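Okay, got some structures for you below.
In the two assemblies presented below, chain A is common to both, partnered first by chain B and then by chain C.
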Partner chain A sequence: MEFNLNFGWSGSIGEVILGATNTDGGTRKRSYHIGGSSNLPFIDQKEFSESPLIAFEICDNVQYWSPIAKSACGDVINDVKDWAKTAETSYDADLVRLHLTSTRERGLRDVSFVKKVVENVLSATGLPLIIEGSNEPSIDSEVFQQCGEAGQGERLLLGTAEANRYRSIAAAALAYNHSVIAQSPIDINLAKQLNILLREIDVPHDRIVIDPYTGALGYGFEYSYSAMERIRFSGLKGDADLTMPMICSPIDTLNIKEVREADIQNQNTIAVMWEFYTGIAAAVAGAEIICIRHPKTVELLKKAFVALKTKNIYQG
Partner chain B sequence: MPTVTFLPRYHKIDVELGCTVLDAAQRAGLNINVVCGGQGKCGKCIVFIQRGKIIFDHQKYAQFFTQDELAQGGCLACTTTIESDIQVLVPDTTLIQEQKILVEGQKTEIEFLPSVKKYYVELNLPTLTDPTPDLSRLLWMIQKNGGPVAEKIYAPLEVLRDIPAILRNSDWKVTGTIALVPGVYRLVDLQKNDTSKRLYGASVDLGTTTVVVYLWDLVNGKVVGVSSNYNRQISCGEDILARVNFARKNGLTKLQVLAAESINLALTTASDTAGIDREDIYEVVVAGNTVMTHILLGIDPAYMISEPYVPVVRRALSVAASRIGITCNSNGGLFVFPAVSDFIGGDVIADILTCGMVDREEISLLIDIGTNFEVVLGNKEWMFSCAGAAGPALEGGEVLFGMRANPGAIERIAINPNTFNTTYSTINNTKPRGICGSGLIDLLAELLRTCVIDRTGRINLGIKNKRIRQGKYFPEVVVTWAKESEIGKDIVITENDIKNLIMSKASIHAACITLMKAADITRHQISKIYFAGAFGNYLNKKNATTIGLIPEIPIEQIENIGNGAVAGANIALINRRKRKALDNIALKIAYIELNAEPTFMDEYTSSSFLPHTDLSLFPNVQRMLDECRLQRE
Partner chain C sequence: MALKALDIYKLLPKKNCKECGDPTCLTFAMKLAGGKGDIDLCPYLDENAKTVLGATTRPPIRLVKLGVGERSISVGEEFVFYRHEKTFYHQPGIFFSVSDNDTIDQIKKVTTIVRDETLTRVGVDLHFSGLAIRNESGSADPFARVISAIEEIADLPLILISDNPNALNNALVHCGTYRPLIYAADSENYKVLCEISKKHGCPLVVKASGLEKLAQLTKMCTKEGVTDLLIDPHPQTLGDFITASSTIRQLAITRMAPDLGYPVFYDASKTGQQDAAIALGIVKYASVIITDPFSTASTKAALTLRQNIYTDPQKPIQMNPGLYRIGSPNKDAPVLLTVNFSLTFFTLEGYLESTRIPCFMLIVDTEGLSVLTSVAAGKLNETLVRDSIKKFEVENEINHRKLIIPGYAAPLSGRIEEATGWKVLVGPRDAAEIGEFLIQEWKK
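Coming up: the complex of A and B.
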C-alpha cells in the first residue's frame, strides 16, 4: 500500500552553519549545514540524504560526569584533548560538545583558564565544536566572552541560552560570529518566546538552534517528543520564529533508576540501550543533532539512521 | 485574657491567648487592609507592636519590611499571635481607605416602566344598596384610575387585614401601591390619603468588596441618592472562597446578616442624603455575583465552589425584602438577578444588559475584571462565557507597592524613554503611596515600550540608570523616589510584581481566546470590546492592548462601561420589560469551565508574553514596539 507522505508543507527549516573550514577562515576539517529540510525526517528514504548529526559530549572536570560514561571512555577522560581526539577518531562522532564543568566550582571568580581549554580542544580535534558554558549568572558573561574569543572564526555553537539568561551568551555569539542553543522547558510557546527574545536583541534566525529539552525515555520523553513534533510542524507551516533546527541531549538516561540499579553485568548494556532509544526517538521527532555520552551509542545510532533511510530492517 | 490596645485611637479589646492581631483588630472594629485574606502573602497589614509579647516570624516575612520598620516592631497583623497584653500602633496606610467607586450609569435612554406604581383614589362610601366588599371597591377604583384589571390584582393577607380600618380612618381617601411581580399584580400597600408622590426604589450592586446603592424616585424616574460602602463581610475573608469557607465553618447566618446590613447601611445613607423615609422604598433590585446573592438569600453556596461547581438556582428571584432583613417598606419586594453558574453571576448578567450586546447582531466581547474575571462573547443569538481567577495583581495585591484605587494611588503613569524619569498622576492628587491597577497596566506598557523589560517581563539590568537596579530580592525599577512619596520609601516595581501582573493578564487573554475558539471566530469579527468592573473607567485602552490584556481591535471599538452591575440593576429597576428578559439572557449563556478545557493551559502559556507569543494577533502593537526598539538603538 502506498501512502502519500507529501503533507504539502508551505515552509522549510532554516539552515545553520556549524564549524568553519580553511576556506571559511577557520581550522575545522569539516563544517555542516544543519536544517534545510522541507519535510519530516526519514520520510524521503534516500540513502544519501542527511542523517542527524551525533555530537559526543566531553567535559573538562569529570567530577560531575556519569560514572557509566566515564568507565566506557576509559583513561582518555583525564585529558580533555585526548578525549576530544578520541571522539573524532575512535568513536566516529560528527561533532564534539565540550561541557565546561570546571566552571561549576563554587565561588569561582577567575575564569581566564576557559580560553585555554577551548583552544586545547580546538587543536585536538578537527570536528566542529559545541561549547556548554557555565551555570552561574555571575560568571556567565566572562565565560562566554572567553569561549567566543578562543573560538573566533570557528563558527562554534554556544550553549545554553534560556529565557532568564540569554543576553550574555547572545552578546558573545554576535561579537565572535557563533551560533547559540536556545533551550526552553518542553513547551512550544516557550521555545518560540525565547527565539523572539533573541531576535529582538539581533541574533539572526540562522544562528539559533532550538533545544526543546529532552527527558529520558519513560521520564517525560513523550512530552519532549510532542513538543518537538509541534515545533517542527509549526516550522514547516512557516512560523518564522520556529523554523530553526533542533538539538537534543538525552543525558538524563545514564542517571535514571533503571540504569543506576541494574545488575552490574547488565548495567552497561541497559545504559546504551536507554540512550540509544531516547536518541533515535529524538531523531524521528526531528532533531538535527543528537548529543551522546556513551561511545557505543554513537555506533548504534549511525547504523540505525542508515536503516531508517533505506528501509533495511536494522539487525544490530 | 490579654487586652489589646490599638493606637492611635486607643481602641481596647480583650481576646484569648494566641488570637491574631488581625482578629483582634477586626473585633475592635478596625478595617485592616488584608488583600490576601490573612495568609501572610500580601504584606499590606503592617502594624507596630509597641509593648507586650507576641509571636511573629520576622525572617519569613522580611521582604515586606524596611530596616526602620523592623526596628520599630513592624509585624504583619495576620500572622502575629498575641501572648500577653499588648499595645499596637496601626498606621493609616494599613487601614482600608475611602474608595473611588464608579457611579456612572447608563448613557443611552431607557424607557421608564417601573414595576411599582401608586394610585391615589377617593372611594364612594358603601351603602345598603351598594354593599360591595372593601377590597373590590378599592381595586375597581384603582382600575378606573388607570390601574390594572381589578380581578387580576392579588391582595396578600397582611394588607387585607389593614384595609377596613385604613379606608374608614381616612375618609375613604387612600393610596394603593401595586407591584407587578412576574405573572401577577399585587397590592403591596395601602396608605391613608395621597402619598402617591412618595414612591422610591433602590438598585444595588452587591460586590464581594463593595456595595453600591442607587436610590430612584419611581414617580419621576430620577436618581435621588447614591451611596456606597464596604461589604461588611470583609471581616470574614477578603475573597469569595474565604467567605464560603467561613460559612462552612461558622454557618451562613453571620454572612447573611452582614450582607443585609451592608445593603441597609448604604440604603440609609442614600435615603438620608435624599431626605426620604425608607418606608417609601418599595422595591430593591440586587445584582451581585453568584456567591453573594446566594448568601444574601441565605442559600448555602458551599456546593458551587468545589467540583462539579453547581449553583442552586439559575433564575431571577423575587421575595419580600423583610424576609431577608432589608429595611425598606415592610411589604417591599426584593428582586435578585439570575446567575448562570458559580462564577457567572447576576453582576455579569447586569453587565450584559448594560452594554446591550444581547440586542445586537454583531459580536461583542465583554470583560469584567475584579478579583476574579468574567468574559462573555456573543450576540443576540448566542453567548459563551467563562470565568477565572485574575489573581489580585491587577487590584494591587501581590505587588509590593500595589494598592487599591484609594487616595494616593498612582493611577496613570508615563516613562521618558531617554531618562527613564516618570510622570504620573495620583487619585485626589496627593503624594503617591502606591500604584493601583490602572497605574500598573500603564507601567507595564511603558516599561515594555522603553525596553526596560523584555517580552517576558525581565528587567534589563544592563541599562545604566539609577532607577533600574538590583533590589534586595529581585531586580526593580524605581517609580518614585522616597522624597516624593507619602510613605517615605522608594516606590518600586519588582521583576516579581511584573511576573504576577503578566500571569493575571495572561489568564484573562487566554480566556478571551478560549471563547473565541469555542465560537470559531477571529478578532476581526469582534465589533466591540466592553470593559466592566472596578478599573473599567480608568483603564488606558491603548496600554491594555499593548500588554496583551485583550485582543487587539481598533481602540475606538473598545468601550468602558464602568460599574456595569449597578447600571444593569438600574435598568431592571426602572424598566420591567428589560427585567423580564433577564431569565432569557441567563438561559442563553453557555458556560465553559476553563479547568476542563484542555487547550487553556496552552493558551495561557502563549499569552504569558508581552503582548503574546503569536505576534500576528497584535500587528499594530508589534509595529509600535519595533519602532520603539529602533529608536532606542
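Coming up: the complex of A and C.
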C-alpha cells in the first residue's frame, strides 16, 4: 500500500505571463509564467515552476513610505531609477513593483510625468514590472493610459482594479497588452465577482492576477490566509472564474504597532520577520507573487522557497 | 462513515453505570457520535462493539496531553484540512531545545525564558510551551541532572530526546509523573521505549522515514499498549515536511489511514531554516515544534502567526460591549466610542492608557468587526450608538453630552448627532494619535 495525496482536483491554475524579453518584443531580461499548478502549493510534482516570485516594492515619492523601509534601503530611495536597479542587482528580487505615489498628491491634475517615470524604471532594470497607478478615480484613466503606453510591449502587471473602479485600468491593459491585478476585500465571492466583471469587458483570464487583500500578520492575516486557501481550492475544483494566480501584498506590515513601535535595536529584524512569516504562510496558502519592502526579507524568502520545492523522501 | 448516536447506543452495554464519566450510555453515545469521546473509557464493551466503534468514533487525530498542571498542553483532535471548513482547535506547542552538554546556568536561563516570557496580544497571553532536552552527552547522569535542574524551577511540559533507554529511565525518575514526551521510538527500539512509556504513563513519539513505515510503527506501539503517540515523518527538507504532513492530515481526517491519526512532531531546529520551518509547521499541521531558543523578533512573529491561524475564522475574538473605564474618570471625562473587536479595543486601550487622561470607552456590539469593516458592512450605525448609550446608562455617568468617534467612522457623525442629541467629535483615524487629539481638542 502506498499513500498518495489525491484530492480529486479537476482544474488547474491558469498561467499568466509577466514581462516580455526581446524574442517577445519587449526589453526585459526575463519573463515569467506564473500559475499553472494542478495541486496545492509545494505539493505538486511539477519539476520546474517559477512561483512564488518576490516583488520588491519601490515608489516615486517616499513621503508616506515606511521609515523602516526607507532607512533599510538608504540613499537609493531618492532616485527611483537607482532604487529599481538596486532591487535587481543587490536585493535580488524577481520583480519590481513601482508604486506611483507621486500621483497621490492632493488636487493633482497634470499627470504627464507618469510616462517618464515608468520609462525610467524600465530602463533602469531588466526585471518585469508591476505598476501601481493612482488612488484617485478622477485621474485614473490618464494615469493608466500613461503607464500602459510607456510599457507597451513589456507585458506589465498593472494595479489595481477593484469592484467599483476597473474600467480605465482594464482599458489600458487591453490596449497595450498588459495584465491587471484584481483586488477584493478578503472574500472569495467578491474575488469571483470582480473576475466576472473583468471577463464581461473582455479581459481574458490569462491577464488577471487575483489580489485577495492581505491584512498584516496580527491584523487580519488570519482572514486573508483562509481566503487565499479557499480561492486556490475553488480554482483547483474547476471554478474557471477563480483559477488565476494570486498576489500577496501585505502593505500595512511595516506600519503596524509591533513593528512601528519596536525598540530600535530590534526594529529591523522584527520588520523582516513580520514580512517573512507572512510571506511563507501566504505562499503556502497559494500566493504566486509575494510583495516585500525590506531588502533583507528577499534573500530569506528565496532560500525558504527553494527548500520548500526540494523533496528528498516525500513526493507529492 | 460516521455512525449516528442511536446506532452507537445499540452497541453499548446499556448499564448506565457512569464509569465512562457520562451519566448514561446514551449521552456517552452522543459524545462518541460527535467525535469527542473515547471508547476506551467504557470498560464493558464487547469485542464486536470495540472493532465497530474503534475505527469510526474516536477523533480522527488522537488528542494527546503533554505535561501536567497549568502549563500542560493538549495537541491533536483536529477535524479539518482547511481552517475555513471549521477551525483548528489545538495550537502547536513550541518547545525550546537545550542540550545536556550545556551548563546548568545556561539551561536555567532558557527555562526561565520559557516559563516567564509572555506576549500579550488582544488580551490573550501567549507563551512558549516547554523544553526539549537532548541527551547529547550520550550518558545518563548529565541528562538526569539537567532535568532535575529544570524541574526545580519550572512546571513545564518537557520532551526527553534520547536513544539511550538508561538515560530515559534515569531522567524519568525526576519527571516521570509529569507526562513528559519521550522521543523517539523507531522500528528497532520501539519495544523498550513502549515499556518505558507505559511504566510512566508518558506519551511517545514514533519516528520513521516514509508514511507506510510510520503507520506500521504506530500499530506496533498500540499493540504494545501505548496509544498516546505522536508521529515524526522525519522530513529532510521543508518540501518533505509539507508533503508528509499534508498527506498525514488528509489521510487521518478522512479515516483512510487510522494508523496515521496522531499529532505530528516537527524538529525545526534541524532544518537550517528555523523561522521558515516554524511558520510552515504552524500553518501546515505540526502539533509539536522544536526550535533553538529564539530572538525577540522571531518570537513575536511566530506567536502572532500561531494565534492568527488558531483563531476561529468564523468568530473574531470579541469584547463584551459596555462602558469601560480608563483610570478613574470623573463626570467631565471624555467618552470614546469604539467597536467590540478585541484587536481594536486593546489597541485603543493601550494608547489611551499611555495618555494618562482618565476617560470612558463605550464599546458597542459590532459582532467583533473592526471599525472600518463594520462601517463598510453597515453594522456600526447611529441606531446602535443611540441604543448603546441608553443600555449602558452612559448619561448617568457624565455631565456633558459629547462623544468622540473613530476617524474611520466620520461619515456617520451627522447621523449619530441626530439620533443621540449628543455632540460628535471626530477623532483621528489612527489610535496612536489619540493622546495629541485629547490634549488639543478635548481640553479646549
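Here is the rule we use: the second predicted complex is superposed on the first by the 299 of 316 C-alpha atoms of A that agree within 3 Å, B and C clash if a C-alpha of one lies under 4 Å from a C-alpha of the other, contacts with A are read in each partner's own complex, and residues count from 1 in each chain.
Keep this in mind: contacts are C-beta pairs under 8 Å (C-beta built on N, C-alpha and C of every residue); 3 or more make two chains touch, one makes a residue touch a chain.
Please read these numbers as outputs of a predicted model, since none were measured by experiment.
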{"item": "Clash or fit (per the criteria above) of chain B with chain C on chain A", "value": "fit"}
{"item": "Partner chain(s) touched by A:Y91 [first = chain B, second = chain C, both, neither]", "value": "neither"}
{"item": "Contacts of A:W83 with chain B and chain C, given as first, second, both or neither", "value": "neither"}
{"item": "First, second, both or neither for A:T269, with chain B first and chain C second", "value": "second"}
{"item": "More chain A residues in contact [chain B versus chain C]", "value": "C"}
{"item": "Partner chain in contact with A:F56 - chain B first, chain C second, else both or neither", "value": "neither"}
{"item": "Partner chain in contact with A:Y223 - chain B first, chain C second, else both or neither", "value": "second"}
{"item": "Superposed arrangement, angle subtended at the Cα centre of chain A by chain B and chain C, nearest 10 degrees", "value": "70"}
{"item": "Which superposed partner A:Y32 touches (first chain B, second chain C, both, neither)", "value": "neither"}
{"item": "Minimum distance between Cα atoms of chain B and chain C in the superposition (Å)", "value": "6"}
{"item": "Common ground on chain A, meaning residues reached by chain C in one complex and by chain B in the other", "value": "none"}
{"item": "Touch list for chain C against partner chain A, complex", "value": "82-84, 121, 209-212, 233-240, 242-244, 246-247, 250-251, 257, 271-273, 275-276, 279-280, 282-284, 295-298, 300-302, 304-305, 307-309, 311, 313, 343, 347, 350, 370, 376, 432"}
{"item": "Chain C-touching residues of chain A, taken from the complex the two chains share", "value": "1-5, 7, 40, 42-43, 185, 217-223, 225-226, 229-230, 233, 257-258, 260, 266, 269-270, 272-274, 276-277, 280-281, 284-285, 300, 303-304, 307-316"}
{"item": "Residues of chain A that touch chain B when the two form their complex", "value": "163-164, 167, 187, 189-190, 192-193, 196-197, 200"}
{"item": "Contacting residues of chain B [partner chain A, same complex]", "value": "454-456, 458, 460, 462, 602, 605-606, 608-609, 613, 615, 629"}
